[in-house]
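So the structure is just underneath, and the comments pick up after that.
Should a chain be cited, it is by its letter among A, B and C, assigned in written order, with residues numbered from 1 in that chain.
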């Protein structure tokens, strides 16, 4: 199995866990868990494949992905209520999913010889859209837009690093690892140390 | 006309009615009714066609679908305020739309000889996504995630039945009918008798 | 450069400005601005290209669009807090974006010799979906559904005019100009003079 396919599997598994955790917070039943797990797990990669016209879409050609996401949903269904702080677990699992999926997205675009701009965008899209769909559907405040945290920025930096690494002649594995590590380090730093980018604190908007 | 095309027409009509009813609850104007009716009517099937790379998308090749949805919107626009409980009507119409669309989605995947997992997923996708888009755009609580009701589960069970029926050698018509009937019976049972799957009532999430 | 490509560039630029303004209202950081600007700028056109099976999607083949949207985001990031009423600016910029994008969408469908129904729908889709995604992701009340204002109706009327103009033998430039002007005039009239279509003021819905 190629490194890229492995990344897809890992990202599907971790995103599925986060989707099931959100389903747990919304007190859905088992099928609701599976639905949210699958939506979150394959959402970002599906948009990537549609945009790049890669057919069949990765999970249509290889239904294993769906089975993995469903299995993750079942496990979470029977264990999530045992977890002390599901929100903390969710945020940290999501940080892994973001990093792995950003690398998978950037790698897919690189393997199609897309330009640097598209590689960065595919990293951001694949990394962020699954979680964004999860939160929009469940009416949570999207993690992707939480104020005072790095999120899109992490995927951006990771995918940008992947472009640089490719230009410098790194092989595929090193490129993808650099992307995932930089993305995750920034996200973790933001969660633990409060790293952030500056914002303009404007007056509250009047409507 | 094939049974599959007939199902697509019926699902478009009934989903359009539900979309227009939601527009009525949001007090939109006539064009808003038509927009919501079309979005709801073709949303699920469009995602199905994009995922399966079926081009042209069903309503692009056959604009009749759009005209039907628009006609439904016009009828609802002039009559919805006469209905005593638009919410009840909405929920029941939606149960028919869900069942018909789940059968249409599963049937499309079966006609492309997709694997069982994909057939089930296409049934769920086509059945649930139109209504989900309708509710997300209009800021209603998505019916698909309403606690204590079967919804995704019905589409899942129906599509699963379609896979079994095909394996048993049923012809297309019987397969699609089984899918729609099982889906609708479960949804109706959930609405009338309160059938549901168990959930874990965890402590309220702390943030 | 063809008139159609020029319209795409203009619509990307103006939609990107509106996306960045919404990011400013949500107090996101610079990368958040760029994300919202890109999502809004290419959202509608991307859906149009996927539906019509035009590959590569316009910004995948021509990454300039993304650079323009990002540049717009940077400019807005450093200037938006100086604006007295960002909401007013947003609404008016959005009216230009709506009109230009509706023309771009209708023009793309016309250039593929699609039927009149599809031309109208592509005008509405391209015009409205970018702004709809922007508002759904940022939890704003979608402008597209704001009660008592014309919005979808403007894109509808503009795209309808484009169909008529083509039938009457107008050339491409005149057709697209007619579409954009009619759309914008209706939207501006609705904002300034309160033009609207009638709605049924039903009793408040009971749930």
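The working rule: a contact is a pair of C-beta atoms (placed from the backbone, for glycine too) under 8 Å apart; a residue touches a chain by one contact, two chains touch by 3 or more.
If you're wondering where the values come from, they're calculated on a predicted model, not measured in any experiment.
Subunit A and subunit B carry the same sequence, and matching their CA atoms takes a turn of 120 degrees, rounded to a multiple of 5. Because subunit A and subunit C carry the same sequence, their contact can be compared by residue number, and under half of the numbers here are used by both. Remark: subunit A and subunit C have CA centroids separated by 28 Å (rounded to whole angstrom). Chain contacts: subunit A has residues 50, 136 touching two or more partner chains. Residues 50-53, 114-115, 117-118, 121, 124, 128, 132, 136, 141-142, 144-145, 147, 150, 152-153, 156, 196-203, 205-207 of subunit C are the ones touching subunit B in the complex.
Only residues 24-32, 34-35, 38, 46, 50, 55-57, 60, 63, 66-67, 77, 80-81, 85-87, 136-139 of subunit B touch subunit C when the two sit together in their complex.
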